[in-house]
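A, B, C, D and E label the chains in the order they appear, each numbered from 1.
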Amino acid sequence: MSTETGRESRRSGVLVDAMRWMENLSDTQYAYLLLIPVFVLLGVVALYPLLRTFELSLYATSLDLTGRSFVGIDNYVQLFTGGKNRFLPGGTTFIPSSLSLNALLNSALVVTIIFAVVSVAFETVIGLGQALILDQDFSGRKWVRAAIIIPWAVPIVIQGMVFFLMFNSNVGFATAPLADLGLLAPTNTLNDTASATFIIIVADIWKTSAFMALLILAGLQSIDRGLYDVAKVAGASKWQQFKLITFPLILPTIGVAVLFRSVQAMRVYGIIDTVSSCSVVPSLSCMVVATFNTREGTAAAIAFVTAAIIGVAVMGLIAWQGEDAI
Amino acid sequence: MAKLKLENVTKRYDDQGDVVTAVDDMNLDIDHGEFICFVGPSGCGKSTTMETIAGLTIPTEGTIHIGDRDVTNLPPKDRGIAMVFQNIALFPHMDVYDNISFGLRLRDYPTEEIDRRVERAADIVQLEGMLGRMPEEMSGGQRQRVAIARAIVREPDVFLMDEPLANLDAKLKVHMRTELQRLHKELDTTIIYVTHDQEEAMTLSDRIAVLNSGSLQQIAPPLTCYNEPDNLFVAGFIGSPSMNFVEGTVENDQIETKNFSIAFDPSTVDGVGVGDSVTIGIRPEDIYPGALRDEVSDPSSLIDTRTDILEPMGDEIFAYMLLGQGETSMSQEQATNDQLLMSIDPDSDIAEDEDMQVVIDRSNVHLFDTATGEAITHSLEAAWNSESVTEGEAESDD
Amino acid sequence: MAKLKLENVTKRYDDQGDVVTAVDDMNLDIDHGEFICFVGPSGCGKSTTMETIAGLTIPTEGTIHIGDRDVTNLPPKDRGIAMVFQNIALFPHMDVYDNISFGLRLRDYPTEEIDRRVERAADIVQLEGMLGRMPEEMSGGQRQRVAIARAIVREPDVFLMDEPLANLDAKLKVHMRTELQRLHKELDTTIIYVTHDQEEAMTLSDRIAVLNSGSLQQIAPPLTCYNEPDNLFVAGFIGSPSMNFVEGTVENDQIETKNFSIAFDPSTVDGVGVGDSVTIGIRPEDIYPGALRDEVSDPSSLIDTRTDILEPMGDEIFAYMLLGQGETSMSQEQATNDQLLMSIDPDSDIAEDEDMQVVIDRSNVHLFDTATGEAITHSLEAAWNSESVTEGEAESDD
Amino acid sequence: ADLIGGGGRGGSGRTVTWGFDPVAVQNNGDAIKDALYENGLSEDITVEFVPRDQDTGAARSNYNRLLNAGETDPDMFLMDNGWTNIFIQRGQLQNLSEALPEELVSDVADNYFSAFTDTARDPGSGDLFGVPVFPDFPTMQYRKDLVEEAGYNPEGENWATEPMTWERWSNIAEDVNDNADTDYGFTTQWDIYEGTACCTFNEIMSSWGGAYFGGRENLFGPIGDRPVTVNEPETISALNMMRKFVHDEDAEDQFSSYGGGFTPTNILGWIEEASRAPFAEGNSVFHRNWPYSLALTGRNPDNTEDPALGENLGAMPMPYAVSESDAAQPGTGGTTSALGGWHMTVNPNINNQEDVVSVIRAAMEPEFQLELLSIQGWLPPRPELFNSSDAQNVDVVGRYMDTLQVAGNNTMARPVTAVWSDQSTNIAQQANRAVGQEASSADAMATLQSALEDTESQ
Amino acid sequence: MATTTDDDNSSEGPLARWTQSAIQNPEKVYRALFYVAMVFFLVTTLFPFYWLLVLAVTPSGRLLSGSFLPSVDLFGVSATFPLPVPKGFNPEAFITVFEQVPFHLYMLNSFALAVTTTVIVIVVASLAGYVFGRLRFPGRAFLMLGILAVSYFPPAAFVIPLFQAFAGNAPITLPFTEIPLFTPPRLLNTPGSMVLPFSALFMPLSIFILTTFYGQIPDGLEDAARVEGTTRLGALFRVIMPLSAPGVATAAVLTFIAVYNEYFFSSIMATSTEAARWSPIVGGILSYQTQYTTQYNLMAAASIIGVLPVVILVIVAQERIVSGLTSGALKE
């Protein structure tokens, strides 16, 4: 009625005009309008530096580190042909030099992929389990949730310290029992690629399962409980309810979680540096860090190749999960 | 085998100290193969009762038997029921086919069998071409039909249907009703059905259960509820437009109301004496224009009224008649004593705001105890008359 | 000022190449203060039309005017409308008070004003004590009433109500209807109302808009739609139980059908000639037992039938009559030519499975062109007869 | 204090900012400043310490970024001798040969540990880019009480200043360990990290007459024009000796006269503190570590909650295998201490140079350097100061000045060049693999040889 | 447990009885499984934390020597106790932490940075989440992939150019050219130099989370809000966001904690690890290292101190947000 319109006009005219203008945009225009803040922010803080870094990757640092020269994509070519391996820490190669176990574990690419696949797989399963538990109603749930979140709140340095000391040769108590099970090398554990990778994966699972759990829990909490009534009456057992209702409905959330965990996992660096070292577990990010101070061009090239590899992995993931993941 | 028995079922919700009794000491005995309709005002506990039967809500007190099993604590899946939910609740991530076949797939039916049944169900609810649609792409009525189809493919022992036709148009409703009746016969199942549509309740059910504020008011065949309501609530609730109520006092040979009196011999009926406060109930179709007095089987004396508003409905006209000094008002409740609603033939020669005499069919006048609301008699002629229905229930003797 | 005008409004959904035309070239002209009911089968585009008026859906083609403004591209909030959604759509995170007051709070009304309006609305929908409840703690009908209250507190220019009473019991429905009418008068608003309840449409609306498959079939006052349906669809859709249709051929002095014939002079009506295929439409209440022939104003000759199923409804009985070799079947559609549905007085002396003669009131027999479905005449007596309604629309001339 | 607007300050406020060791700032920042003023710094100049990252690698990255970005803050840096060279090579530091008055430049040239000072010079021109603040030399530390109990006479044999051979040392270690209640005869650091490449391995290899790049004169280049000399018998012997110590393994029968098996495999994962812990607990006879370990372990156990040995702690120069004259690579052999330590360098982007020079001048005062030794435990960069009574009187570390001086005179710097960081991880890894018996010493060194050749040829 | 079913009557042990009742009432089995799983997860997640506590109270000098598994004398047989226990008890570590460095200031820094970033991220990501989750428009998938791509890059790839830009010493030049554009303001050592990159780098995750959640809110509710008089943007903040509270809260918590502990960027953008230069909590924790020694006990104590309040805060806040806003299931 008239009262409504009267009230409207009391507000500042400019604001109303702006609002009206916004409301009248088509979906597409409106979408792009709302995306402006994101793109400004990402443009300034991400796109610009990335372009610069990309520029850097087209230059080679001279022998004495004083100057640089334009080499085009040579840095990239050398990375794949092995020409850059000599700058990588501790005999690491970028792509495996052969298919022997040793050569594979020496390859930054392979180690990164192994780490990502194994840790993300475990984290997803464990995170899902934790989320399912937290989704139940029980007294003290708040505290159990706190307990499960805690690892995520632990800084990587501390996470590294915790596991480093657990497997440290002076005081570590965890090496012996695990070595007895054949999971770890009994001596020089943290400098043994296989063992160190195992420990780092465990450490990563410990910390980031909470990430998965939190996200999946949020997905679980958004499900319409009424659907479970329908399913129950239709005769679904607990497992079938999970399989047919819960799982498909949290799949988008799991998809996001897996996507981002995979991306994060493929950039693993901190935990390696704190528990073991980049020459033992040579992840791609390690290679970037190892070369950044002296060989910026190479480092930049590795960074871009890493991003490209992650991009390929993500595409694979998306294709595997189905288009609607995006 | 699929008898259903509710004993003393009570459900209370404790809403931050504020206790809501949704179902209050409900006792029901439903035979195998019966078609029962739950009716009652909004919020009276129909859905909650259904939920306790389905096992979705555990009653605060009482037990539930299906067949010979005590299912009170059994999970829904082991009760052999299918349910249509009031809120429809389609699975948003499944298309129509998957929604409908959900229960069958759970039970690992062979694909052809599933296909067959889904097709048949889609046919029944007239959704043939839409099996591939997602719920969000459908209209309200279409969604509701999917929900119905999802229940009927299951062919369970007991069907629970919570207002399954609320969003359908009249025509489709009639169609669906017929189909439900056919299914009922074919599958020989017990059906419990919530509806607020009187016609639906009347045509479909073997017995109607009338609920109010969580407690059962009457459970009886439709016409018994219509013709011999146990109490004021049922009388007022069943029938649309609803029964006219006029308060009166029993005298020696008549009942005296504010605006008219009606002959009655209290000695013909138990439990009522001279001086009692009673409420007279008269259905709109039992009031006739004075001109038709001869056609009425047991006519009352002529009553002076004035036509107020006329509502032509197509196949009949609702005429609001003012008694005495009654004021114009279309609302039924405000006018208990000063207004009578009459339903007459559309061809009748009647106009608004005219004086008119009416006559009441005494054989269909109901009498209720005003204080308790209990029915006293359903015919002023004598206590034995309860026309056209055979299984008349014993009158309550209060 | 709150006139509403839809011009050539079309809405198509493109569902993966599969185009669904939900609204098809709709033209509507609604006056300020009119109460319009949309009726039509499930999925015919009622909700979609409402959504285009509300601004929730931008029509694929066409324009919409409210008052003098072209609002086709205006956002909903600037259209001065309030809407009750078919799917209720309460905000699950707000209690009843917050749900109802949402629109007012958005407009920064003073608290007392909000309180006053919310209380009044809660009163109207009979939810007084429940303002603190959350939606999930309410029954289906209660939720629907909250949705109504949320719309009425706004006191907008145009009300859009999509099956607002679907989940309410008969009594409450009647109450709500009265309140809506009062509101309509009081606020002097335009109301567009979707319902599948004929009674509702009949009693409430100034005009009824009948939709089918996205296109407008007829928009006219209720009784016009009932008595003078423009086409077969409207005739069959309006009225419950619905009109009987019998196919026939025009002859010199009668219309010949499979099982009976009925006297008719084709020269009295334009656009029909001997040999034409026509469909006869007879409403159930226009068929009478042969015994009552004398009371019928323009009776046909007696027709031999056999009672099939009787459905006692309390205030009337639906009798399914078999014609010729017709087989028992309760479904209406299967039996177009072999069955007649008749509605008779509940006191009538009638039993199932008996031979019986019936008579038809010729003055109320409708004639349609079988091929196009267009109405030819609404009375076999003569083209001028259209009883009890004044503003008869011009017949469509084929 | 305005800590944020560092860039705008640029000398006008007569403030000199100095990127400094965070722990020193935390514990003794004010005392160090006072010492500067006491040593002639004008009160007009405010010195402000900017604590850097504790981790030397992180500090290096940080300074690298700052200087790359043309930052003017801080004015001076404390730079690890392990990477000062790289900044010099990149031209990111002020040339002090030009910026400092002549007398200061020649003071450094004449009176400082020259091997240490070399790490602050441009290897090509010899120009000075940093003034040494404090050097760090390891010593062989030991349980004097146990050794004496076992019948040895450290005092009499002058262990503190007379280096012994690895052969004799290893027999002592095995002997004492066997007869005492200790788990280990020797603890050191052999993890895969910079410390193994720059220091522990470098030392031992050098004491066998080996070198990474053909001797002392090639330490700082020229890259590519110097031989890679790790796949040489002296280097392999050094590793085999470690294997003897750790595993009591003597595949080539070279070490039959050596003691062995007294070193835990734990050293493969140990860095400084991890290796010091058992020693400080009294659980090892010998221990190789930096002076800080002397300061901590030599504390009187009664005065500290932490384990300490007090007067029972002895120190000696690192043992050797071949003498200087027998060394295969020029400039190696004999007792060898790896070289750590920090220089002060100057930001080239500043315009308050005079003030900075004043600070450097004060910081070069011997008194100041002795003060640093006393309050912070940092060794003076001038050998002569080791003999001063001031130095000898410093609590705990003062007791070991003579040993430290010997070590200081026999240092071997790491070969820092532009490619050193690529090389050091390879070196540490192969050294670790060899001692961990994952590969034979010869194989490990052959691998290392080609890896180093790869990095050299670019 | 399914093995010992019905061996007749009477002599049933408690297990058999339990089994019996479990068969009748499978809920019991689920409940039992549930508790087993819960305990398992609790133990595995909390054990390292317990270990942290052990480290914190062990005196620093004893940290690296001797085993944390004490020998226990069990009736003459000596065995190794399977759980690590502190070697000594030195709770003062929790005080020393504050004496050595102003740890609380680092915490405050982290807190301020995290709050600012989280607010920025949630607001901006909400807009994007709304767009991607609820609108269909050309270029949608491409833009989403583009945003996601930001997170593919190792953080090091951003650092050098950002650092130079934030130093504000030289004009920004157009990439691949020398053309100067403008000289940015100096942001080093200010919160801006950290909040900006944090916001950009943590943004993609939040956008994706919010996209998923916002996309699931039924259209009907947004429609209802719009008819009631909100703008599209108003509907986002008044209806969609509150209804997605679990998702929003989770995105906020994940961002908050990630920023709270962020080290890489903050250590770079703060040119020194002083609290006064906005160094975060990790900077404080690392201050307990010296060149050769690491005071693990202090680091452990500091991280317990740093972590616990946040976790509790987050838990309490999240519980409140989630339960306060979505006590109803999401339906139309």
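In this section, a residue touches a chain if its C-beta (ideal position, glycine included) is under 8 Å from a C-beta of that chain, and two chains touch if they have at least 3 such contacts.
A quick map from chain label to UniProt name: A = Sugar ABC transporter permease; B, C = ABC-type D-xylose/L-arabinose transporter; E = Carbohydrate ABC transporter permease.
This one's a predicted model, so the numbers in the text were calculated from it and none came from an experiment.
Contacts with subunit C and subunit D are shared by A, E.
Most remote chain with respect to subunit B, judged by CA-atom centres, is D. Our note on geometry: subunit A versus subunit C, Cα centroid distance of 58 Å, whole angstroms. Rounded to whole angstrom, the centroid-to-centroid distance between subunit C and subunit E, based on C-alpha atoms, equals 58 Å. Computed from the mean C-alpha positions, the centre of subunit A lies at a distance of 13 Å from the centre of subunit E.
Computed from the mean C-alpha positions, the centre of subunit B lies at a distance of 23 Å from the centre of subunit C. Among the residues of subunit A, those in touch with two or more other chains are 4, 23, 168, 170, 224, 226, 292. Touching of two or more other chains is recorded for residues 63-66, 159-160, 218, 229, 231-232, 286, 326, 329-331 of subunit E. Within subunit C, residues 75, 77, 87, 107, 154 each touch two or more of the remaining chains. On the side of subunit A, the complex with subunit E involves touching residues 4, 19, 22-23, 27-28, 30-32, 34-35, 37-38, 41-42, 44-46, 48-56, 126, 129-130, 133, 136, 142, 144-159, 161-163, 165-166, 168, 170-171, 173, 206, 209-211, 214-215, 217-219, 221-226, 238, 252-253, 255-256, 259-260, 263-264, 267, 269-270, 284-285, 288-289, 292, 296, 299-300, 303-304, 306-308, 310-311, 314, 326.
Considering their complex, residues 59-66, 90, 100-101, 159-160, 163-164, 167-170, 186, 188-190, 267-268, 271-274, 276-277, 286-287, 289-294 of subunit E touch subunit D.
Those residues of subunit C whose C-beta lies close enough to touch subunit B in the complex are 13, 15, 20, 39-43, 46-48, 86-87, 133, 137-142, 144-145, 162-163, 166-175, 178, 181, 196-199, 202-203, 222-223, 226-227, 236-242, 283-285, 297, 311-316, 330-333, 343, 346-347, 388.
Across the complex, subunit D meets subunit A through its residues 60-61, 64, 86, 89-91, 191-193, 223-224, 264-266, 268-270, 274, 277-278, 418-419, 421-422, 425-426, 428-430, 432, 436, 447, 451, 454-455, 458. Subunit C contributes residues 73-75, 77-78, 80, 107-109, 154-157, 187, 189 to its touches with subunit A in the complex.
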